[in-house]
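Shared between the two complexes below is chain A, which has chain B as its partner in the first and chain C in the second.
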Partner chain A sequence: MDLSIDRVTKEFGDFSALHEVSLDIASGELIALLGPSGSGKTTLLRLIAGLEYPSSGRILFGGEDASRTRIQDRRVGFVFQHYALFRHMKVIDNVAFGLDVRPGRDRPGKSEIRDRARELLRLVQLDGLEDRFPSQLSGGQRQRVALARALAIEPSVLLLDEPFGALDAQVRKELRVWLRELHDATGHTTVFVTHDQEEALELADRVVVMSQGRIEQADTPARVYDSPASEFVYRFVGESSRLKAAIVQGAVRMGGMDLGSRVEGVQDGPADVYVRPHAVELCEAGAGFLTGKVDHVRRNGGRQIVSLSSPAGGLDAEASLAAQIVPGDAVGFRFARWSLYREGAPLEAAP
Partner chain B sequence: MSFSAPSPRVTEGPITRAVLIGTAVLFLAVFLFVPLAGVFFEAFRRGIGVYLAALTEPEAVSAIQLTLLVAGISVPLNAVFGVAAAWSIAKFEFPGKAMLVTLIDLPFSVSPVVAGLVYVLLFGAGSVLGPALEDMGIRVLFAVPGLVLATVFVTLPFVARELIPLMQEQGTASEEAALSLGAGGWQTFWRVTLPSIRWALLYGVLLCNARAMGEFGAVSVVSGHIRGETNTMPLYVEILYNEYNFAAAFAVSSVLALLAILTLGLKGLLEWRFAGELAANRRH
Partner chain C sequence: MALPRFRQPSILPGFGPALGFTVFYLSAVALIPLGVLVLRAAGFGLGDLWSLATDERTLAALRLSFGASLIAALINLVFGVLLAWVLVRYRFPGKRVLDAMVDLPFALPTAVAGIALTTIYAPNGWIGQFLEPLGLTVVFTPAGVVIALVFISLPFVVRTVQPVLADLDHELEEAAASLGASRLQTFRKVILPALTPSVMTGFALAFARSIGEYGSVIFIAGNIPYVSEIAPLLIVIRLEEFDYDAATAIALIILIISFAALFAINLIQAWTRRRHGHVL
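Showing the complex of A and B:
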């Protein structure tokens, strides 16, 4: 089912958690809400679920206004951050709960409910654990029980709040791949909240980057990474360095050197250049845009991260392990790709 | 220092330990076990016949029945109140919440006699409420309603106190999950909330019951001590004792003590059961 969030604002007393947020989600999409804590991403998820009601604006399910519909009638599958399993119930009863509480006329027969719950447990690869209690399961298994329980009501959308937050790194990676496969197999419209950019970029069809109750950018992972719509997105998604620059009669100048690109119709004044470590090329001193001094060199897996200080500010550069660089060296650098911002907003620079 | 030297001791030495344990056991023996045994010894000293006769006396039977009746009304009332109070405190934010938490503890800090006197003031002959209710044929003071009111007041905190920390720890996610799965408010309460607090609730009810049956001070003030009518067991024991009828006094006391021991036994059983469940919840 497609979802539409139409100028939704949510206030808690004096605190405003969301300001006029609009977002359209197509049927079958897998969406990540990404942002730091306090960005409003969880509030948005709870509004979609019906656990909270918007202060103003509308939420549409398949074109119909659901803003005032009770959570029971929205048929959302919600997976809570700490799973919120019913600890006094066996795994199978947890999964069957949604069918079991249906009013008489809609409720399937007892054996049908059990068959359906078993089928879902098979789907999440937990067959054989029907009679365990939640406390007897590992974190990853609980997560999958919570997912099976949410899927049991044949939800119109699947909502997950920090689905992998409480798991160790290894399990998290496995479940991530598994969730993507499950999504592709079942085709549910899925929205999940995360503060882990790697998770969002790897798993989602579209990433919605949020900050201070607003959507900064809603785009494919590649575009969010390669063409950040704002300074915030550049900083929040991926590694980056910020350098001081200035615009003088349309030319971008950094540390007294011209970067060779022009911006049109922009007043002279300071600006910020953002660059990712892998887009920084190191060269002989004096041969690049600028020359910097190496502060320290860190080994990170199969590459080295070189931290430089330059007249325009500090920056990190990626270098191959073959490069012989030691602290104290003077090295030149230039950028394969960079972005220009003024007061948080992007400026289009053309060569 | 040689390597064969014993590693330095972290806990207390054997003598300290023996003294501490000995003191605790001796203290318990002198102040708890000996008096309790004394009650049963005195009760049976003049033979089982006298013991049974004292208990089958109409006034004794009436006192036992009244005690069970008062506890039977007060304990369910406080169980309902306790669940409601703990629910609202643990799951909602509202103005005056801190005040409510403090108020729940009030009966623990106020002397039961004062509690009794409050009801005399409220429902006595000189009050507004008392005569008005009397005109409608409802007698509060020196009757069962007064005894129930005083008992409810004194035992008010037991269930709520037991539930508040547990429900606060459990939060609202399970309830939200139940709602998202389509359950209504009552279904959520009966199938999710109540089962997750059942052991703590039972534990609170048992403590509440023990106190309800044994309460003396507040009940004494509102009872009027009408023999065979408004005497609960603790009050009846006092009357017998004041009349130097020791055998009967101890016989009735022994029944009260038995009820208390039964309650404690049940409580121990639950604690054992409940500890397992709590530990499981912590692991969760």
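Showing the complex of A and C:
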């Protein structure tokens, strides 16, 4: 089912958690809400679920206003960060709960409920564990029970709050791949909240980056990474360094050197250049834009990260493992790609 | 669980002294006095014990004591959970005062409670005057006994359920709601099972406290033999008659039935706990 969030504001007392947020989600899409804590991403998810009601604005389910519909009637599958499984019920009873509580006329027969619960457990690869209690399962298994329980009500949308937040790195990666496959197989419109950018970029069709109760950018993972709509998105998604620059008569100058691109129709003044470590090319001192001094060199798995200080500020560069670089060296650098921002907003720079 | 191994290496030191002190302490305050009671009762044969125990008046007193205690504990089970719910879930003016008042039955001398209850439930009392025309007499009847026991055992269920309810993960209710459960279904299928162990504990404590209660009951009950005379009072009466054997016998019977009842409740609790996934 497609979802539409129409200028939704949510206030908790004096604190405003969301400001006029609008977002359209197409049927079958897999959406990540990405942001730091306090950005309003969980509030937005809870508003979609009906666990909170908006202070103003509307939430539409398939074109119908659902802003005031109770959560019981919205048919949303909600998966909580800490699973919220019913500890006194066996796995199968947890999964069957949503069917068991249906009013008499809509409730399938007892054996049918059990069959459907079993089928869902097979779908989440937990067949054979029907009669365990949640306390007898691992974290990853509990998360999958929670998911099966949410799917049992045949939800119109599936909402997941930090679904992998409490799991260790290995299980997280496995579940991520598995959730993507499950989504492709079942086709539910899915929204999940995460503060892990890697998770959002890898899993989602579209990533919604949020900050301070506003949507900064809602775009494909590639576009969020390659063309961040704001300085915040650039900083929050992926690694980046910020360097001081200036615009002088349309030319972008950094540390006295011209970066070779022009911006049109912009007043002279300071600006910020953002660059990702893998877009920094190191070269002989004096051969690049600028020359910096190596502060330290770190090895991170298969990458070598060089931290430099330069007249325009500090930056990180990714160097090949073969490069013999030691602290104290003077190296030149230039950029394969970079972005220009002034006061948080992007400036279009062309060669 | 396997058979308890008596002692296993542990990172927590002090098993020996801790167990030793516990046994000593328990012996000094509980086991030895109770042992003396049993020893004294062992002096007379089973036949004597049986005839003392099956004395009509004794039986009536025991029936009243255990019956009234059970009813009082059941009443407090319902209203104690309700009160705990109100204290945990809602905000209202005077909440802290109400919260503090719950403990009053613990602090108040039981005789004061008994006299106060008798005064208001007497046929010309504040509440009694409305009950009297309806044909309900409280004072000097078993109903009065129940009311006194409800009063003095009120805090137990409230105080055992309250912290558990406060700690209950709110997400459980949200999860139930998202799955389509009504408030009533959520309460019945999700909240209540989580509270059950604490409710049982509170019930057992209230029941135990009620069986032993003396001070408040004797004022409101009127202590009419065969009608409103409780077993603890009968013990005192026998003592005043210097009939120590009868007093001992009644005490022993109370002890045995109480222990059996509490032990059974404990077993049920252990069972529900296991079902709730606490691995002990």
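In the analysis below, the second predicted complex is superposed on the first by the 351 of 351 C-alpha atoms of A that agree within 3 Å, B and C clash if a C-alpha of one lies under 4 Å from a C-alpha of the other, contacts with A are read in each partner's own complex, and residues count from 1 in each chain.
Just so we're on the same page, contacts are C-beta pairs under 8 Å (C-beta built on N, C-alpha and C of every residue); 3 or more make two chains touch, one makes a residue touch a chain.
Please read these numbers as outputs of a predicted model, since none were measured by experiment.
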Chain B and chain C placed together on chain A: clash or fit? clash
Discussion item. Going by the contact rule set out at the top, does A:W178 touch chain B (first), chain C (second), both, or neither?
Written reply: neither
Discussion item. With both complexes overlaid on chain A, does A:Y225 touch chain B (first), chain C (second), both or neither?
Written reply: neither
Could you tell me if A:Y53 is touching chain B, chain C, both of them or neither one (first, second, both, neither)?
neither
Query raised in the report: First (chain B), second (chain C), both or neither: which does A:R87 touch?
Result: both
Shared chain A footprint, chain B vs chain C, residue numbers 49-51, 71-72, 75-78, 80, 82, 84-88, 97-98, 101-102, 133-135, 149-150, 152-153
In their shared complex, chain A is touched by residues of chain B numbered 173-174, 176-184, 187, 191-192, 195-196, 198, 280-281, 283-284
Given the complex, residues on chain A that touch chain B span 49-51, 71-72, 75-78, 80-82, 84-89, 97-98, 101-102, 133-135, 149-150, 152-153
In the complex, chain A touches chain C at residues 49-51, 70-73, 75-78, 80, 82, 84-88, 97-98, 100-102, 133-136, 149-150, 152-153
Given the complex, residues on chain C that touch chain A span 169, 171-172, 174-182, 185, 189-190, 193-194, 275-279
